[in-house]
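Data first, discussion second: the structure below is written as structure tokens.
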Amino acid sequence: MSPLPAGDPPVYAARNYLNTPATGLRSWLTTLDHKRIGVMFLVATLVAFALGGVFALLIRIELLTPGPTIMDAMTYNRIFTLHGVVMIFLFMIPAIPSGFGNFLLPIMLGARDVAFPRLNLLSFYLYLAGAAIALWGMIHGGADTGWTFYTPYSTTTTTKVVPILLGAFVVGFSSILTGLNFIVTTHTLRAPGITWSKLPLFVWSIYATSVIQILATPVLGMTLLLVAIEHAFGWGIFDPARGGDPVLFQHFFWFYSHPAVYIMILPAMAVMSEVVCAFSRKNIFGYKAVAYSSLGIAFVGFFTWGHHLFTSGQSPYDAGVFGVLTMFVGIFTAIKIFNWVATLYRGSISFKTPFLYFLGFLFFLFFGGMTGVALATVSLDVHWQDTYFVVAHFHFIMVGSTIMAFLAALHYWWPKLTGRLYSERWGLVGAVLIISGFVFTFLPQFLLGNEGMPRRYFAYPARYQALNVASSAGASVLAIGFSVVLVYLLVALRHGPVAGSNPWGSRGYEWETSSPPPLENFEVVPAFERGPHEYHDLPAAAPGAGEGRHA
Amino acid sequence: MSDLLRRLLFLPPAASQHARDVDSLHFFVVITTMLAGLAIFGTALAFMIRYRRRGEDDRTPEIQPRHWHEALFIGVPLAFFLVWFAIGYPQFVESTRAPPGAMDVFVMGKQWMWKFAYPGGPSSLDELRVPAGRPVRLLITSRDVIHSFFVPDLRLKQDALPGRYTETWFQADAPGRHQIFCAEYCGLSHSGMLAELVVMKPEEFDAWIALQRRGLARAQDAAAVPGDLLAAGSSLVEQGRNVAAVQGCLKCHSIDGSRHIGPTWRDLYRRRERLSTGAVVTADEAYLTRSMMDPAAEIVDGYQNVMPTYQGKLTPPEVAAVVEFIKSLKTPAVRAGPSEGPVYESTPGR
Amino acid sequence: MHSAVAHHFESLEKQAEAQRLGMWLFLATEILLFTALFAAYGVYRFLYTAAFSEASRGLETWLGGVNTLILVTSSFTVAMGLDAATRGRTRRTAGLLGLSILLGAVFLALKAFEYHHHFAHGELPGRYYTGPIAGSGGALFFTLYFLITGLHAIHVLIGMTVLAVVAVRCWRGAYDAEYHVPVELAGLYWHLVDLIWIFVFPLVYLI
Amino acid sequence: MTAHAGDAAVPAPPHSHRGRYLAVWIALLLLTGLTWGLSRSHVPGFAGVAIALGIAIVKGTLVALFFMHLWDRPGPSRLVLLSSLVFVALLIGLTLLDVSTRSPLALPPDADTAPEALRRTILEEEAAGRRSPPERLPRATP
């Protein structure tokens, strides 16, 4: 760490959102403050993440041996279903938009709150309610359908699939309300000076995410409801025995669930655009290209859902249309990757923890994205569909990238959230463990998929064991990494050095206010004259990346 | 070269021309991806070394892209992606359209087995026999939920949809055996839904199928009901074993005492079983018959309600044969000591 | 500043703009909610053309037509109510909204009569279908018929509730010529319910 | 975004829309009658569908533009409605493209759209024993 530059020692804002207007539990649960709601979302999604992580570990332990290891097939089928449902609906979709988005978006716009604070709180309680319904279903037997709920299996299984469907349905409304709030806030509550061309890139990406949330989630909600109706009453909508078309379900499901991948990845890109500028102390290369490519992903992402159906009996014409459109989504991601790398050119790169996660993110995004495009070259998908290759691919692109971004965001904005700094040394240890653990978990799975091991297999032919053991070993490294991060962050919460308003020397608007921010975000309504990613005109006495002093 | 790449990527041996074509695209995709990755990460690494932070008062210039930068960023990857697609899509279309004159095999997936029916009526369970060097068209359907017919060695996969047919085709190079998987999650024993593709020499296949047809004709002559599984002339126990194998009973019920999806049949007859309701029944002929007709009514404690009903699927003689078969699986009660006193019925713990 | 302005908005006008946009976004989600059903309808109508036209011919087209006229009229009265509100005549607004609610109730009553008719003829969704059309097409038509019209009826009920709340507040003088965004938003919702019916009518009854 | 002066913001009594509302209402009533009447004459096939949907689109546009004020109020609201309609078209269009071009064998067995000749071939082959009969779907137990 470099020594603290000359200037005032960092101060912990005495009056901040954590202690105003009150500190009691009641004041949190009834709060309308977007920052507190964001923090509550973060805590709730982290709990969900821990739960999903435990399920993941159980899966990896079970797959250590070709036959039964610690559970029977029924338990295994339920656990991978719950792993998917919890991770996707309760962690990855809400984590960054509802957590960090809620906390940061109004501050980045210089607003005092989101447009509809009551809806915002309602969104949080809908999330809790949906999670509770799903949890009830899990305790009372869970579901064994996989998170994709493919009919007619999902409509005939005897497990508790209806509560899980309803839980996901309710959480969907939480997602819609959050997205609605963000779009209206971005349109109507920007502080003077923040024009559309001076919006932080984080806001652009979250805005694009919100568009998807609003337009895709209702279709999923209706579809899940139809499956629940089908399961409960036998109305025959997707039931082949009653003339229904099970492939139609897959169309509806992926109309949401493919864009949902972008609901997860766009916020990750949002975080990374901020991090790469802040830690290379450099203006973003191609602001417009990066901003518009977010909208491009949101839009074109809707045109590609059929690439999940190449082997499903879908017409070859549809397969062609969806395949070629998928190639175009890849382009928007490529634009971002190139522009981020170009941003490093002639920068001043500081290898703090968030930047390490940026490097991991770049790796997972590149290989996850390229394998995704490879999967869209239809004939290869026929071999890979429903094998571990697909599992590894989407864990790279959705999980790897999203977790990297989530952790980068957690470290980068930790001082803003809590007013304190974490230990950089332990941050390095955690980042190395997590990134390498992730690679070692999922790289073998690409090879398993090549070799032909189908996914959702409780038992497998013995020739796949070596790679499975390798994958499980990687998962244990991953688990250790997450525990390390959890511990040092909790320690930092109490004992970390005081951060001051801008420990990274970032030019983002959110660093202009004190840490933690006051209830109304800014003491006076700010007026910004520069962009949020401009570093060429840094004042002479730059606020350096200070270690800070113990409070 | 391609064999080395295949091994590096853990790809199974390619058993058809189509598989080799797909592999070629695979190698092309992997190589271009790796080269692009090297270029991007190499550049990033160079920047990170060259432009690492040297002091807290580092200043950076503002750099904006020119239009040709962005055009390059879009054009180069798009060109590669479209080339991939232009190779892959025709391969896919080709794999959906069987050449005229291909032999038709009907494939039916059901929980949790594959059934194959050949021209002229013969059928087989969990084993697909085809001739080498001739095109074979598969017409795939399912009887319950969606399954997916997957042969890694042929780079071939096609979902089985209940109530309708999907089709695909292949032409295997040479005699050999290849694994068949179910690739679409279909419930409890999804991972046990395995089968084998046996590629035979064409003349051997012709002989085999002729033999099958003759056997079928004989069975049809002998049996009262066409397609009846009871072959005349064998003992009832043997018939029961056949019925149990063909109907898939043995997929869930072991006959060696090991616990599987359903209770084992070994020593099942006259065993006292605790039901999920708490009641206790003796597994006599009546109970065994009831369990085949209405499996959900009396479930042995600790097992899932997953067994389909066989009402209407088994003829009364077949049911009797299966019961006889189960009865034959009763081992004599073995005692260590001398055979003294009353003999108790063995009640092995579940 | 007007008392209805929340602390984080700079003006009443800005707040109204935000509320209108929020309402439109919500309406977009409603449209997409119905889209899944319309897409299913389109697919099954394509697959079971004959059964769907036969089932459609069996419906009481005149009832559907009358109901369309009723909903269109109720939309008109809501629009007139908003017009009255912009001129500060909120009592008149309340009356017009009340009239719209009444029309909504008539719509639902006719719908209930129609449902009763279907129940009596065994025209029920899915496995409960005992109507005259052979094959799976008839049952699927009625599954979708009940899903679409049922979901629409729920929206009519919600719309009536919203209009009732706004009408009561209008009567009590909560709004004036300057501030009457809630009237406008409730109106938007009601118009959407009308808009969706405008598409349900030809889909279900006419083609 | 620029603020769009809505009716609410104008302090003076705004321009009344009553005449416009009345005209739209009458147009809607007439169009409803028209589409109803045309349906009685049973225009066959696709043309009938196109006419009915075309009239519905005209009616919907009238409601959206005048009752819902998109005519006077440009800006994000129009964009929201238009983009939602794009996605409506997308979902319906691409799923219909699938069913209309899918192999007839992969459609429900009793659908009208599977070409009759092809189905007959299959049935004949089954009868001739060249194909084994497809097993009947188990009816879901009520």
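So that you can tell them apart, the chains are marked A, B, C and D in the order they are listed, and the count of residues begins at 1 in each.
One rule holds for everything that comes next: contacts are C-beta pairs under 8 Å (C-beta built on N, C-alpha and C of every residue); 3 or more make two chains touch, one makes a residue touch a chain.
Fair warning: this is a prediction, and the values are worked out from it, not measured in the lab.
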Completion exercise
Heading the list of chain pairs by contact pairs is A-B
Practice task
Name the most central chain, where centre means the mean of Cα atoms.
Solution key: A
Problem - Rounded Å distance between subunit B and subunit C, as computed from the means of their C-alpha atoms - result: 49
Exercise for the section: Would you kindly tell me how far, in whole Å, the mean C-alpha position of subunit D lies from that of subunit C? Expected result: 16
Completion exercise
For the pair subunit A and subunit B, the C-alpha centroid-to-centroid distance in angstrom is 35
Problem - subunit D, residues touching no fewer than two other chains - result: 76, 83-84, 87, 91, 95, 99-100, 103, 106-108, 110-111, 137-138, 140, 142
Exercise for the section: Quick one: which residues in subunit B touch 2 or more of the other chains? Expected result: 144, 161-164, 166
Practice task
Scan subunit A for residues touching two or more other chains and write them down.
Solution key: 156, 187-188, 215-216, 219, 234, 239-245, 247-248, 251-252, 313, 316
Fill in the blank from the handout: subunit C partner, complex, touching residues on subunit D are 3-9, 11, 13-14, 16-18, 21-22, 24-25, 28-29, 32-33, 35-36, 39, 48-49, 52-53, 55-56, 59-60, 63-64, 66-68, 73, 76-77, 80-81, 83-85, 87-88, 91-92, 95-96, 99-100, 107-108, 110-113, 140, 142
Practice task
Name, in rising order, each residue of subunit A that touches subunit C in their complex.
Solution key: 111-113, 115-117, 119, 176, 179-181, 183-185, 187-189, 214-219, 221-223, 226, 229-230, 233-237, 239, 242-245, 248, 251-252
Exercise for the section: Please name which positions on subunit C make contact with subunit A in the complex. Expected result: 6-9, 14, 17-18, 21-22, 25-26, 28-30, 32-37, 39-40, 43-44, 47-48, 125-127, 135-137, 139-140, 143-144, 147
Completion exercise
The residues of subunit D that touch subunit B in their complex are 103, 105-109, 129-132, 134-135, 137-138
Completion exercise
Per the touch rule, the subunit D residues reaching subunit A in their complex are 1, 76, 83-84, 87, 90-91, 94-95, 97-103, 106-108, 110-111, 137-140, 142
